[in-house]
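Next up: the structures, one after another.
Both of the next two complexes hold subunit A, though its partner changes from subunit B to subunit C.
Let's turn to the complex of A and B:
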């Protein structure tokens, strides 16, 4: 078991190094993509900035608190996208039939799909998220304690897992539709774009939906309330980890898809 | 003129083929619009006095923006044109007895209109049926509505003329991705696609309103709900015409220059 895991990690590292080396063959294109990716999220930031020049707070959250919130969501999403982008581009694999090759190899399919793509081009956006994160931490008057630091770490873990799960669903759907669904964009891009504000901003019903159906609120709103000292129950610390359980149904859907995979033949 | 019209017709019918994609797009855009309105509602209830537009004008702005997304998104550039320039197929285009600028221009306009026609009506109808504060309201009056339609087309033309500049720049750079990324996101922000221009601080807003970017979606979307009226409106329309002329003349000159020195490297 342990041996198998070590071998898998080794293989994954190898995949990543191949990915990075091949990307570096086209340096100009690499940097262009880095800039492009950075600018998209930078525009979102500018939008928040402009709004807070005019308003002092929204639903009781100040500028620096919103920065903290957005930076954490952006970090989670960017991390997930960096390593799980293979699922995001999975429709290509199904359509061209190169998933057949994956199935023939004596290694886990998920590992191979993950290794298929490592998006280093998200590095610019990651740096933006880190800068905003530092700003949010230092400016938002949080009374930092060990528990609050742990909460942030759990948020990052849980959020990355949650986004990975959504990418996994996206890929699993491709088994049946052969192409990605534009509608799924709402759950990925939309979640980051609108996760910039704490979910309570969007009203009660949206909060319920993101608590029970797709658990964004568990990695964003509730733990944030704990960090900012507006909720004190220690249960809030562990909610982000609960959100990682979302991966289980996603994985089952993926297994279901793999079992029903019919090669497109091309 | 006839040949450009037929380019237009060809593209237009082609665009209408993608109905399933349009349906998915409508649902996505509808969600996007709803979220956008919820954000602004939260800011409105935080401090209504500081809100620079009528709330209903804001709501109409968002729904129109979603309905006419295909008119005013810079990033909906045509990869076909980039490919033609980069792989050298431009040589064939140049053999034809047509003006390349006019051809690309009419093609791009047709593409955007066909995409918008499929998507705008369902969005507008649903938006009109929504309950009070979230629904789309009627235009301020008939005069504003007519001017809205005129400026909508003018805005589309300004947008396409701007995109033409991006295509022509490709002649000079070969690898256009970096320039493209910067121009697209700057335009998004400066044209009021992210935050409507009235929300900017007053001094910045005044500068932005005189730039060509404000002549795209900013003018028609604000005229519709009566947020832009009187002398300000007249001035905005004049600026639209002015920028359209500048962008088209500049684009044509640059295009002629590029074509004259274009080297097609075999292939």
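Let's turn to the complex of A and C:
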């Protein structure tokens, strides 16, 4: 089991390396995309900044608190997009039949699809998110106890897993529709848009939906309340990890999809 | 040993007439036609045999290869390869086979070919020594040499095909599936590829299953031919069984297709 894990990690590192080598063939395109990614998220940052020049708080959250919240969501999303981009572009693989090749290799399908595309260009957005993150951490008047630091780490892990799960659903659906479904973007890009503010801002219904259906609130709102000292129960520390369980139904859907794979002609 | 018994596979294919209006109509109600890609296909192939699998376009050749290699699951029937059911025992099965799709590449487009080979070494967990000696042998026989250091996108079709074949054999598979390996190749490359396949079969005892439309491939490589048309096996015999003295091999096969009305 452990041996298998080590072999998988070794192979994944090899995949990343070959992805980077491929990308370096097109240096200009790479750097342009990185800068573009940085600027796009910088715009969003400006938007929030301008708004807080006029209002001091949104539903009781200050500027630096919103920054902390948004930067964490953006970090999670960017990390997930960076390594799970293979799922995001999976419709192409199914349509052209190149998923055949994946099935011909004696390795897990998921590992191969992940390895097929590692999106290093997202590093631009990642840098932006880190800058906001550092700002949020230092300016938000949070008393950083060990538990609170752990909570942030769990948020990052749980959130990245959650976004990975959504990408996985997206890929699994491609087995049946052959095309990517744009409406799924509501759950990814949309979640990042909504994720700017703690979810309670959007009302009770939204909070219920994101607690029980797609557990965004478990990686965003609840642990944030703990970090900001507005909730004190230690259960809030572990909620983000609970959100990782969301991967299980996503994985089952994926397995179901793989069994229905039909390949393409010739 | 490969055995296939009463394998059936059908697809649903959406049909519509040409035109924009028809396309809009198809968005709401679509007509499907059931295509029987394979209809009670049975055959046995012994270890070390070389078999030419022929038939007109759309006869079910690729579907058969895909079932044998574990990509597709048949609707009914059984298939056993060295005791394994390909689609159930996928990982164990694909370690022992090599597959070349003439129309699709398995090499990374933008990096030197050797980088793709190194990745395959990790994918198949090929021991260093085995990898070295296989690579050396393949480089030598397929005349890869300098090609290994160029990115796949800069290779000509013939050069790329030689690299594809090498990529499929790095892990010393016992069975090799070749789906139109000589498609679009010039005379020199064709001869080189044929020559190599023959040697591979002779020296390593690799079982080779070859689909092609090029009858010279068949003539040069195999004795046994399996003819498939409209999803059914129509003939299983040797090239001499069908050969007529006054006709070339292409004419013979065209005659054969016509006589079976496929």
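Criterion: the second predicted complex is superposed on the first by the 265 of 266 C-alpha atoms of A that agree within 3 Å, B and C clash if a C-alpha of one lies under 4 Å from a C-alpha of the other, contacts with A are read in each partner's own complex, and residues count from 1 in each chain.
In this section, a residue touches a chain if its C-beta (ideal position, glycine included) is under 8 Å from a C-beta of that chain, and two chains touch if they have at least 3 such contacts.
Given the structure is predicted, the values throughout are model-derived calculations rather than measurements.
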Partners on subunit A (subunit B, subunit C) - clash or fit: fit
Partner chain(s) touched by A:183 [first = subunit B, second = subunit C, both, neither]: first
Partner chain in contact with A:131 - subunit B first, subunit C second, else both or neither: neither
Contacts of A:194 with subunit B and subunit C, given as first, second, both or neither: first
Touch count on subunit A, higher of subunit B and subunit C: B
Partner chain(s) touched by A:248 [first = subunit B, second = subunit C, both, neither]: neither
First (subunit B), second (subunit C), both or neither touched by A:106: second
Touched partner set for A:262, first subunit B, second subunit C, both or neither: second
Touched partner set for A:31, first subunit B, second subunit C, both or neither: first
Contacts of A:53 with subunit B and subunit C, given as first, second, both or neither: first
Per-pair minimum CA distance [subunit C against subunit B, superposed on A] in Å: 7
Complex interface listing, subunit B residues touching subunit A: 21, 24-25, 27-28, 31-32, 35, 38-39, 42-43, 46-47, 50, 52, 175, 177-178, 180-182, 184-185, 188-189, 194-195, 199-201
Complex contact set, residues of subunit C against subunit A: 11, 62, 66, 69-73, 90-92, 94-95, 97, 99, 101, 103-104, 106, 108-111, 115-116, 118-119, 122-125, 151
Subunit B partner contacts - residues on subunit A that touch it in the complex: 28-29, 31-33, 35-36, 39-40, 42-44, 46-47, 50-51, 53-59, 181-183, 185-186, 190, 193-194, 197, 201-203, 206
For the subunit A and subunit C complex, residues of the former touching the latter: 7, 10-11, 14-15, 18, 21-22, 25-26, 97-98, 100-101, 103-107, 112, 259, 261-263, 265-266
